[in-house]
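The chains carry the letters A, B, C, D, E and F, assigned in the order they are written, with residues numbered from 1 in each.
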Amino acid sequence: MSESIQFSLEFAVIGISIVFLVLAIITGAVTLIRTADVRWREKEERDDAAAFERDPTIDTTTLVLIAAACATMIQGRFHIRRVRRLMPRTSQQGTWSVQGRAILHGSHVVPKKR
Amino acid sequence: METLLQFLHTGAFFNFTIGNLVMLVVGAIFIYLAITKDYEPLLLVPIGFGILVGNIPLQWGMNIGIYEEGSVLSILYKGVTQGWYPPLIFLGIGAMTDFSSLLASPRLVLLGAAAQAGIFLTFLGSVALGFSFTDAAAIGIIGGADGPTAIFLSSKLAPELLGAIAVSAYSYMALVPVIQPPIIKLLTSKKERLIRMEPAKPVSKRLRILFPIIAFLITGFIAPGSLNLLGFLFFGNLLKESGVTERLAQTARTAFIDIITILLGFTVGASTDASRFLTPASIKIFVLGASAFAVATACGILFAKLMNLLTKKKINPIIGAAGVSAVPDSARVCQMVGAQEDPRNFLIMHAMAPNVAGVIGSAVAAGILLATFG
Amino acid sequence: METLLQFLHTGAFFNFTIGNLVMLVVGAIFIYLAITKDYEPLLLVPIGFGILVGNIPLQWGMNIGIYEEGSVLSILYKGVTQGWYPPLIFLGIGAMTDFSSLLASPRLVLLGAAAQAGIFLTFLGSVALGFSFTDAAAIGIIGGADGPTAIFLSSKLAPELLGAIAVSAYSYMALVPVIQPPIIKLLTSKKERLIRMEPAKPVSKRLRILFPIIAFLITGFIAPGSLNLLGFLFFGNLLKESGVTERLAQTARTAFIDIITILLGFTVGASTDASRFLTPASIKIFVLGASAFAVATACGILFAKLMNLLTKKKINPIIGAAGVSAVPDSARVCQMVGAQEDPRNFLIMHAMAPNVAGVIGSAVAAGILLATFG
Amino acid sequence: MSESIQFSLEFAVIGISIVFLVLAIITGAVTLIRTADVRWREKEERDDAAAFERDPTIDTTTLVLIAAACATMIQGRFHIRRVRRLMPRTSQQGTWSVQGRAILHGSHVVPKKR
Amino acid sequence: METLLQFLHTGAFFNFTIGNLVMLVVGAIFIYLAITKDYEPLLLVPIGFGILVGNIPLQWGMNIGIYEEGSVLSILYKGVTQGWYPPLIFLGIGAMTDFSSLLASPRLVLLGAAAQAGIFLTFLGSVALGFSFTDAAAIGIIGGADGPTAIFLSSKLAPELLGAIAVSAYSYMALVPVIQPPIIKLLTSKKERLIRMEPAKPVSKRLRILFPIIAFLITGFIAPGSLNLLGFLFFGNLLKESGVTERLAQTARTAFIDIITILLGFTVGASTDASRFLTPASIKIFVLGASAFAVATACGILFAKLMNLLTKKKINPIIGAAGVSAVPDSARVCQMVGAQEDPRNFLIMHAMAPNVAGVIGSAVAAGILLATFG
Amino acid sequence: MSESIQFSLEFAVIGISIVFLVLAIITGAVTLIRTADVRWREKEERDDAAAFERDPTIDTTTLVLIAAACATMIQGRFHIRRVRRLMPRTSQQGTWSVQGRAILHGSHVVPKKR
């Protein structure tokens, strides 16, 4: 058997062993976390049940913007007409910026729980 | 067996340092904060995972590491070192930013200028702490509270500090709701915080189309150094407002900015390997960054109070804090703080004006720093 | 104070020329036309804003200008100078082009060949006006009425004229509804304009799948110089028609082409700074470009009339004008002119055949020019 | 005070001044245009009211294509069947090209007002 | 006339070889199989059309061919030669892969390890057939049944064989439903094929978030050579599972991966011109590739039978065949073969576990090969 | 007439001729295929009619997954409750992977006709 074949054979054995090693460790780690997870899950399920009743169906910023829009209308009667007139011009969107959607950079959402 | 040993030698065990471990923990914390606290997730997740990738120690010569010329990571990192990821992100931000609130209350723009004092005072402090002018300029921009601007400027002026500056900038931007409220409360009276501002008048489509063009010309002529950022920001905004290029604006604010954000965050994270990141300079940068945010917030608030002395239409000084940029977080913080005093006082729309003005302000400041020290 | 002066020196005031002012006005006009007249907005807005960006005069050495090696704009401009933006745009165009009308009436393809005479006659005129062969070839392609083709060829043959050629090509393409109708009316009789053409038969899916493959092989073998454009065009079209790669075609015709269009338009605009653009050569190019469009239109119409002499199934010669490409504008113009004589004569579907054939024809012509002078 | 600190101080003052200068000019420009805009807006609103009645709810090209399709069907009876048969095979779309959608390059929309 | 001759000389007629004709037929077959058989259409259509483009013979010096420095195709091909298209595709795959089935049955991961024996045995065979170590390593990876991994590794270790390896890998992946069933039936008894496996328990969101992070750290530490692939795969998966970066994951699995797939497939196809592709080496590669697939399938099945000897919860050995990767085809093949014996035996969800584990396994193997021979 | 003009003239004639040549060959090829296509089409239409009745309205993999889900529920009663409880947590999607959607790489769809 030539030297290069011998090296290749040795390498092949080591190689497949390392692949097994890596995936076996992953198997072990996943099994471990699954076990730990059971306890977390039980807690989670209790929390979920509670959250189902507490959770807002609309996010805070949207709520603030809607409330603001209403307040603006009520604050001065003459504004009511204005709003009616502007509504169909969708491209204009009124003054109240939809900036809140530009959440990509320089931003995180204010924690909902506060 | 020799082969096995040789192979394992390429593995991480022999090269792993305690610094790498620290960085792995930092990366995990970033991901944890992003997922559980919803802090800047679109950047903290990529940066956090990038930190993990960058701190798997590698044997030099495998052509994998981000600092090895020709490796995949080093090629993707070129968008950072050559500085073209940030302008493209600004293009996308422009295509998603609505300047209406600014156009409705132009005088509030000045609050966005005042908060930039944080940049220049931090520059001063950095020089005092012994940093070179270029390094100090790059550190100062953390006070601009604007990630892409900070990455752009530091890639040009202080590439070796880029990782620390980027991580510092995004960390503090994530902590805006923690940092700003106490400062606001300290510097304002309850009476001031109760000021209600008149809702602004609607803005015409024509004004919204003209604004990016005119604002670009003004900033471009006075501070051409800001062209790389503001040229793209206002271009993106024109695509959005023109009414005839909606499909381009739509792509710019979705697929385009997402792709660049993924690559930017991931490679910035991967560039922070422990040997480059865990240095005394980084600690100084974090201290200076915190003070930069505090000073910027304070300057915005104090300037609002100054304006109240001079004009009849009173400004609620809370919204001065929004001048730091950190869009749209600091505007939300202002709303929140205002609502604690009066739940029916809707400051958020007013706060958006200094908020977006702050973005322009920091880019102008970056242009000035680049023109002077570049 | 010295610092301030030094800073302002980097500003635009000292370097601003009357030429820059002219270009700023040109850029503003482009944007104005795009928004108010809806002329080619997807390209005129980016090019127009790019012209503004390119004519903010900068001090050399700040590493911002598009002609400074390593600047952000110069990096993004590489897609133009290295010539790979146009092929990628052709990929997207292929993924959105329906060749059905061409397949339904294959003989109308010849009209798309006839209109390319404009390219070669303009080449001839340019040589007569003293341009070199390569410059003349690049100017001639304006007659192809196809933006990406013009940019691709001039980036290869006459990089220094690229700005003028691109601006000229897009200007005249925007003016197609102004340029073509009088020429059509001059060269056709009322009787000819009233000709109604028989609706074509439907085209099978199989034919639509085979077409991009076969058309690519034909063009590739005879004019391999066109491979960079037509290879991508037909590839995109195969993605669209294959029926099994719809998600790739969908991305190619939306996010992908949008991103490239934004970058192409913006950087082409930014490359037109006054010192390079406002030259006697540019004026000649504009004159030649106008005549190229007129000649191309005339050749298409006259060839249609020639075909009518030889065949029994009469062609309405109006649709010869659609052979210039400028998809789908010139087809619309044909419809409009035809409808003025007979509002119930629907020429638009017939006009689409020479229209898309014109795109292939100009790319073939570009391949010939490139192979000969490249 | 060291020289570099002094320079920095001077630079900081000048820097923040320029930032204020730029944003103040923007403020001024916006205020100016807003004022000019009021007149434009008044005109615009009158135009809008008129346009609301005049505006087509469908663009010209679509109209032409629909009319063409109808005409084709009426022109020869035998075509009606053909259309019925083709309709469900969505991938085929008939001969009449939807090319009009390829408006990206080499194109502008024919002005609607003509 | 001289000009015409000169022009035609640039055409393909003079340079066309019988080899080119063969390749054109191969390209056409790829497209035909993709469209009519739905075999891997998202890659076979781009590769097939690319083969057509790459075999239009060109005169050298026109700067069009993929091997001419500076041509458009050569620039787009850089993503292959520099090796960054495959990692970006892995990013997208990560963003669309659901590891739930693997997490539900972690022990099935080992089947994905067993099938990688195909890689190392093919390496051995290639060395025996006279290939160099680096070439043999690149050929061996065909047994991984994973296109991007094969392209990545061969671009690093054996660039001149890349075309043959890529075409071979995708051909056999397309033929999985033809290759695997007879092997499965040969190596399993009817009784074994009737084994029903217990449905797995659901997987928590937390576990799905933790998995990409932990799996990345494990693979990164032991086989850092796999970082370029698995770093991106797990990053993409974290974007998907984190729950706070959905817009990034959405773009990564649509526009982003589509763009890279188009460019990768097209340029890999275009790189297979006859003079480079039709060599004795390519024929050997095809033979070795076929045996690699067969060996990998067999190893997966046999290892499943071995596991059955040692554990109480029996595994249906059919699903061992899914360990070769080729996601999700081989899982479907397992389902199909199982259903032939018992139509109500649903193996597909169980087969997904070794299937995705196989992807990780091949990338680890690629990392080992790269670390040893890179 | 100068030499360069003469060359240009010659080149222009040859150039436009080649353009005509290419497009004429395309015209010929398309015409040819259209003719051949008529026969194919006739066959296709007969096939289409047959296929309309045979064609599945849902793809095989989806069907398999649904059947599997049902089978899972029936197999053990205690699972039925579990499924009900999990349904609203959309992010979890159950164990049964939607992996089938990851059809991009390393994949082809199993031919529907088998």
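As a working rule, a contact is a pair of C-beta atoms (placed from the backbone, for glycine too) under 8 Å apart; a residue touches a chain by one contact, two chains touch by 3 or more.
Computed from a predicted model, the values in this text were never measured in an experiment.
Enquirer: Hey, how far apart are chain D and chain E in touch steps, shortest way?
Expert: Graph distance in the chain contact network comes out at 2.
Enquirer: With centres defined by CA atoms only, which chain is the most remote from chain C?
Expert: A
Enquirer: On a CA-centroid basis, which chain has its centre farthest from chain B's?
Expert: F
Enquirer: Given that chain B and chain C are copies of one sequence and touch, is their interface built from the same residue numbers on both sides (over half shared) or different ones?
Expert: At the contact between chain B and chain C, which are copies of one sequence, the residues are largely different (under half shared).
Enquirer: For chain C versus chain F, what separation do you get between their C-alpha means, in angstrom?
Expert: Roughly 31 Å separates the two chain centres.
Enquirer: Which integer distance in Å separates the CA centroid of chain C from that of chain D?
Expert: It comes to 21 Å between the two C-alpha centres.
Enquirer: Any idea how many Å lie between the Cα centroids of chain B and chain F?
Expert: Chain centres of chain B and chain F, defined by C-alpha means, are spaced 44 Å apart.
Enquirer: So which bits of chain B are touching at least two other chains?
Expert: 3, 7, 38, 41-42, 204, 222-223, 243, 254-255, 261, 368, 372
Enquirer: I need the residues of chain D touching at least two other chains; which ones are they?
Expert: Residues 11, 18, 89.
Enquirer: For chain E, which residues count as touching chain A in their complex?
Expert: Of all residues in chain E, those touching chain A are 102-103, 106-107, 109-110, 112-114, 116-117, 119-121, 123-124, 127-128, 133, 136, 204, 206-207, 210-211, 214-215, 218-219, 222-223, 357, 360-361, 364-365, 368-369, 372.
Enquirer: Can you tell me which positions in chain E touch chain C when the two form their complex?
Expert: Against chain C, chain E makes touches at 3, 6-7, 10-13, 16, 24, 28, 31, 34-35, 38, 41-42, 45-46, 49-50, 52-53, 56-59, 62-64, 70-73, 75-76, 254-255, 258-259, 261-262, 266.
Enquirer: Considering only the defined contacts, which chain D positions touch chain B in the complex?
Expert: Listed in rising order, the residues of chain D that touch chain B are 4-5, 8-9, 11-13, 15-16, 18-31, 33-34, 37, 40-41, 44.
Enquirer: Which bits of chain C are touching chain E when the two form their complex?
Expert: That would be residues 82-84, 87, 91, 156, 209, 213, 216-217, 220-225, 227-228, 231, 234-235, 238-239, 242-245, 247-248, 250-252, 254-256, 368, 370-372, 374 of chain C.
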